[in-house]
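Two complexes follow with chain A in common, the first pairing it with chain B and the second with chain C.
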Partner chain A sequence: MLRYTLKRLFQGLITVWFIATATFFAMHNVPGDPLANDKAATEEIRANLEAKYGLDKPLVQQYLIYMGNILRGDFGISFTQKNRRVNDIIAEHFPISAILGILAVVFAGLGGVLWGALTALYRNRLPDIIIMFLVILGISVPSFVVAAISQLALVNLNDAVNFSLLPVAGWGTVWHMLVPSLVLGLGTMAYLTRLMRSSMLEIVNSDYIRTAKAKGLPPTRIFANHQMRNAILPVVTVLGPSIAAITTGGFVVELVFAIPGLGRYFVQAVQQLDYTVIMGTTVFYGAFLVFMVIVVDLLYGWIDPRVRLE
Partner chain B sequence: MTKHTPANQDSFTSSAGRQLLAFGAASIAGVIVLMMALSWASSLTSTGSISTDAVDVTNNTLTLFLREEPPQLNSSLSTDTVSGSVLGHVMEGLLRYDEHNRLAPGIAERWEINEDGALFHLRPDARWSDGKSLTAHDFVFAWQVALDPKTASEYSFILYPVKNAEAINKGELPLSDIGARAIDDRTLEVTFERPIAYFDKLVAFSTYYPIRQDFYESTDGSYGSDAHTLLYNGPFVISRWVHGANLLMEKNPEYWDLDRAKVDKLDFAYITSDASATLNLFKDDKIAYATLQAENLNNAMEQGWDIFRFMDGSVFYIEFNHRPERPTRNLNLRKAMLYAQDSAELVFKVTKLPGYLPGVSLFPVWLQGVNTFFRQEYPAPRAQLNLEKARYHLELAKQELGVEEIPPLVLLTGDNPISNIQSEYYQQIFSKNLGLDLKIDKQIFKQRLAKMLSGDFDLVLAGWGPDYDDPLTFADLFASFNLNNRGRYENPEFDKWVRVAQSSQDVQERMDAFGEIQQILFDDVVIIPNYERGITYVTHPQMRGMVRRAVGPDPDFTNAYIVE
Partner chain C sequence: MAESTTPAPGSPDQFTPLHSEREIHALTRPSLSYWQDAWVRLKSNTRALISLYLVLGLLAFTVIGPMIWTVDPSAQDVDQVSRPPGADRAARVVEPYKPWDGSVAVVDGERLQLADTPTNQAVRLIWPAAPGAESYWIYRNILPVDENSAKGLPLIELFGNGTTHFEDRLDLAPRIYYYTLVALDGTGVPVHRETLAVDVKRVVTVEEAVGRGLADSAEDLLVSDVVHLALHPLGTDYLGRDMLARLMHGARVSLFIGIFAPLLYVLVGVIYGSAAGFVGGQTDQAMMRFADFVVALPFLLFMILFKIAFGIGPGESGVMPMLVAMVVLLWPSTSRLVRGQILQIREEGYISASRLLGARAGYLILRHMIPNTMGVILVTVTFAIPSAIFTEAFLSFIGMGVAPPTPSWGSMCNDGIKTMLTTPHELIFPALLISITVLAFNLLGDGMRDALDARMRSTE
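Right after this comes the complex of A and B.
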């Protein structure tokens, strides 16, 4: 087990190094100039800027310097926020994205399992039809639409009760988290519901359930220990990447609800060709994703004894 | 397949249903516990809670929003309008813009400007927010910081009228050679590189704001990156700045004119560029003003809100590529396009953006002339839509270029909703009216700039916003020596008038020069004006005195006050 974990961590490190290298060279080959701005810079101003950010050196040398800095845990200084270190940007804004993301994943996971089990149980009856219709909506409507509509609904709700029941936007208290995290988790919840439903249905007809029933086991044990526990496995598999996707993909929700998360900086950095922030956030998110996949694989072995970790 | 009796199936289902119910209840309880834990965790990140209304009479506080997070608030580095607006509340230059958008004394109580230089007399009661006296040395130091090649300031060029500034910025002269000197703590003497008629307008710009040396050095390179790494001398100080989340300003007790700021606190509680989010916050009475989009205008009128409009100062136009190998170098081709379009149609029927004005000239309507507005004294020549004339010029162009058909032209444009509509309008109208084939090249910001700079276009949708309150901020754009002249238009006559406007001290003579420039721009069809940008916005009925301006800090809440 320990050996397996170490091996996976080492592989993960290689992956992150590869991500960093690929991003570095791809980024430098994107057309466009990170130092360009609305107003054209004179040659001397440009030269000053290039020297400040080390862009006057050959690319390979820039790469080596950058890698050395990463090893020392230094992501450099942002191009657009000229006096701010990328480390500070990540340290200040990632926790907010993470809180939002954790809550969204919890909503998505619990909701997905619950609705999925429910629809499987009431297959082709009214609850199933209603929930599956909502699931299709949840999967196909993009989050910026859901975010905008739910925000408008909040305004109307507050207007109707003539009191600020739930905040429309902003960050700071539990009430600020509720709606954005629901919106953020909605797509994943819908996806997990479908997954849970189909895996439940598959299991209902399997041999060991029939055996359990034939043995005369009480329905409680059949449903909880045999059906749910086995059906949940595929859900756990996709949960890892989902966690990473949700924590990193909150850009739209963060924008609409004015939440100071890292997603905003990530997207803006790419639009602005802010080299250091692109690199910092990509490496950070890459490492995060790799780590989550490893954690899920380890969890998998714990949930399903049939899976051997070697 | 085993068949269960319906009774069996139902008892299993209802039992499982009960279990799911229990699971659901446990989940909700779990989530509530989790949320409490997360709330505690997020309190560690100290974002500050937000719960106040837009207008808080008891605490004399206005709650507002910022469109973007200021990248940083070091005045020698700032370039964007959001930083400009924030800095305008917390810093003050030698001169400033007052609530009627006129130049007013700031830190300097009086000043003399002549051909060779300027003398500024600083007010004796000017102080920094830590209570120490603000002196002429602080200005000299700030300008040296901006010009230091190590600072790599993008706006250092705006200091170039000061003697030796350009050479210092190139690293050819030491910082101490700057043509600005503190004769004593209260007197600042500036020597000019060349005569300049609008220096008083330049010193109101943020790059000219003062910085105190000992404080700047104590921040160890992070000056202006946080609330506590900035020293203030304006009507407000920033007492809290949570990056990406909010920014709180409080009245500066050390400011020399305590009566100027009317409210005690300006709480910029939200930072978002999402227009519908800000409008929703406004509807929910959480912020005191919001910008309107075209689609919200009717709704806003139905609600009976106070709707305002102002011109934000920017002008948008089609810029041609005048490089030798380009077909757009041909004057008749440009003339054909000029007479084949109608900017009024673009603004009123196509983009339909509230507050926008059809483009007529490179010089926007709000610029001041000798006695009144420049455009009233020097009416812009206009081209009416005239297909006959357009096709006549097109034929001439084909003859001169020696072609049967004009080759496809590349229209470079940005990637935003307005540019999309605009570029499709021109593509369609030039195709219909002239049979021209326009290829739209849509690029994101930095890529578009790179292509503009390298001349990789025939036509480009471009725009310009003013830096200072003088027609020259627009007039020198197409001078052959201006780096922002991306189409490489060259005309010695044009350059001559720009030189006159740069160095003349006589207002009439300068305005005449701008009039000539406006005429050349039209005769040579250097550009086709599209529109002047206007902004419509709504404000809270209890908030008064908000100032909008085309040049200088905008929006400005320094004079804003609350009525009950």
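Right after this comes the complex of A and C.
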């Protein structure tokens, strides 16, 4: 187990190194130039600015400096936001994205397991049909559309009661978090519901359920202890990719709901060609996603010892 | 008599050979090939069949649509900006604008009122002088105004009590405006306030009508004729571009990426996976290690990086970089799947038989292995299409997709979401199309999986 963990961590590190390198060279391939605006009015100013940001050095040297800084955990200073370190931007805004993401994962996980179990229990009856219809809708409608529609609904709701029941956008209180995290988790919830349902239905026909029935166990106990517990396992495997989906989905939700999370800053930085912020956040996001997948894999091996970790 | 016809008991003449009835054992219906069987299954699945028709309809919308509805998707109709579908298109022909000096034929002098028919050429207001007023302010709002609500856009401040008329020519659209007049005394305290709702009518001059192609020649038009502005069945967007044409051309981008990207990366995955699976051993291990590495890369981050690094020159749509990025990043999952299938098939008896007959590697792969994994591959493609459409829409939505003049459903949503509260049709149509397309391909994928692949058959 330890050997496996170390191996996975090593592989993860290589992936992160590749992401950092790819980001660096991608950034230097960009046709735009962060100093192209009015900042570099004369050749002299331009040369000074280039020297300040180290843009006058050869590419290999720039790369080495950059990697050295990353190893020391220093992502540099933003090009467009004056005197703001990328580390500060991440430290300030990532927690917001993280809270949003964790809430979304919780919603998606709980909702998916619950709805999936319910549909399996009421197979081919009205609750099943209604939930599965909603699930197909949830899979087919893009998150930005859901976000926009729910915002529209909130506006109308607040209008109807003539009182600000739930905030339409922004960040701050628990009420601000509720709707965005639900929207963010919706797609994953739909996907998990589907997975849970089919895994529940598969288990109904297994030998150990028949044994449990033959033993005379009450149906509720069979359902909760035998069926649900085993059906959850496949759901755990897709949590890794789900975290990735929710993290990137956060870009859109943060944009629509005006939440000051890291995702919104990332999108902004990309649009403004803020080199250091793009590189910093990409490496950060990349490392985060790679290690989340590893954690989920390790977790899965721990939950289900049958999974052979090679 | 009887003795001559009846043979003696036990003689060979008593026996006639029995005809074997082969027909009974013959198959009662012709045998079906794998694909025929799959088609029969798919046909019996109503949901999948409806989705198939929907997909065909969408393809027709994309391919044939622009031939029927030949409106230029980037042409702007300045008369109709952000118009919802079914908006009134009638416009009365009037004489060219003439300046106004504030004189008016009939005035009862009681209230704030219109001096002339309000048109999108000009709205002319006149009011009686308020006692004690030193200056007047005129405001315009598109929402109803009462005592407490905002008065809207301040149009002008008129000093002195002499001028009691105002002509508004500022960007008028055919709709209801609420004009508010506020009279202030010398110290700036309001002494009088009045609001007037004005229903502005659309007019065009003869010159404009001819210039915009609403009439053939100036001779055909008389003042007070009614002409109809260009038809936009699904309305126009915030720049006055035809929504239907944009949706059709946007469908080209969305479906092009949605269909070609999966086809290409599945092809790459099939080649890579079948090569790895067929060769096996160390090479297989190394190839799969590389595939694992690519899988571990965060997909959307790399899509965005790709997008930035490629850069989009003027006049380019940015579709190609997106396509390339998808192919480069998404092939490994298919290659894993195909490799697993090939590894299984490699051990089958018919492969050994074929090998024994002298078949070479290329023949074995192309003739036996790939056709036998075709079902799985097709199902993968069908499920990859909706996710590719999603990815395109997502990237275009955050502004990382196709470059502006080129429409795509995602970028149309991005434009539409900004004016969602006032003109929801700009968001609803592209959003609806994305949803229907993704839904259709998802349901079709379910049906294909049930029809083509017995092992993956869903428990529904």
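Details
Here, the second predicted complex is superposed on the first by the 290 of 310 C-alpha atoms of A that agree within 3 Å, B and C clash if a C-alpha of one lies under 4 Å from a C-alpha of the other, contacts with A are read in each partner's own complex, and residues count from 1 in each chain.
The working rule: a residue touches a chain if its C-beta (ideal position, glycine included) is under 8 Å from a C-beta of that chain, and two chains touch if they have at least 3 such contacts.
It should be emphasised that the depicted structure is a prediction, and the values quoted were computed from it without experimental measurement.
With chain A as the common reference for superposition, the partners chain B and chain C occupy clashing space.
In the overlay built on the shared chain, the residue A:Asn69 is in contact with neither chain B nor chain C. Once chain A of one complex is fitted onto chain A of the other, the partner contacts of A:Gln271 extend to both chain B and chain C. When the shared chain is aligned, chain B and chain C each come close enough to touch A:Ala148. Within the superposed three-chain model, A:Thr237 lies out of touch with both chain B and chain C [touch as defined at top].
By the document's definition of touching, of the two partners only chain C reaches A:Ile139; chain B does not.
By the document's definition of touching, of the two partners only chain B reaches A:Ala51; chain C does not.
Residue contacts after overlaying the shared chain place A:Glu202 against chain C, while chain B stays out of touching range. In the superposition on chain A, A:Leu255 makes contact with both chain B and chain C. By the touch criterion stated above, A:Met27 is placed in contact with chain C alone, chain B being left untouched. Annotation for chain A, partner touching more residues between chain B and chain C: B. Touching of chain A by both chain B and chain C, each in its own complex, is seen for residues 30-32, 148, 151-152, 155, 255-256, 271, 273. Taken in their complex, chain C has these residues touching chain A: 292-293, 296-302, 304-306, 308-311, 313, 386, 390, 393-394, 397-400, 410, 413-414, 417, 420-421, 424, 427, 431, 434-436, 438-439, 442-443, 458-460. Chain contact summary for the complex, chain B toward chain A: residues 1-2, 11-13, 15-17, 19-20, 23-24, 27, 30-31, 34-36, 38-39, 41-42, 45, 47-51, 65, 69, 71-72, 74, 77, 79, 149-157, 166, 169-171, 221-225, 229, 242-246, 269-274, 276-277, 280-281, 283-284, 286, 443-447, 449-451, 453, 465, 483-484, 486. Only residues 11-12, 14-15, 18-19, 22-23, 25-27, 29-32, 136-137, 139-145, 148, 151-152, 155, 198, 201-202, 244, 248, 251-252, 255-256, 267, 270-271, 273, 278, 282, 285-286, 289-290, 293 of chain A touch chain C when the two sit together in their complex.
The residues of chain A lying in touch with chain B in their complex are 30-34, 36-42, 44-45, 47-49, 51-52, 78, 80-84, 89, 92-93, 95-96, 99, 102-103, 106-107, 110, 113-114, 117-118, 121-122, 148, 151-152, 154-155, 158-159, 164, 167-174, 176-178, 205, 210, 213, 219-220, 222-224, 255-258, 260-261, 264-265, 271-273.
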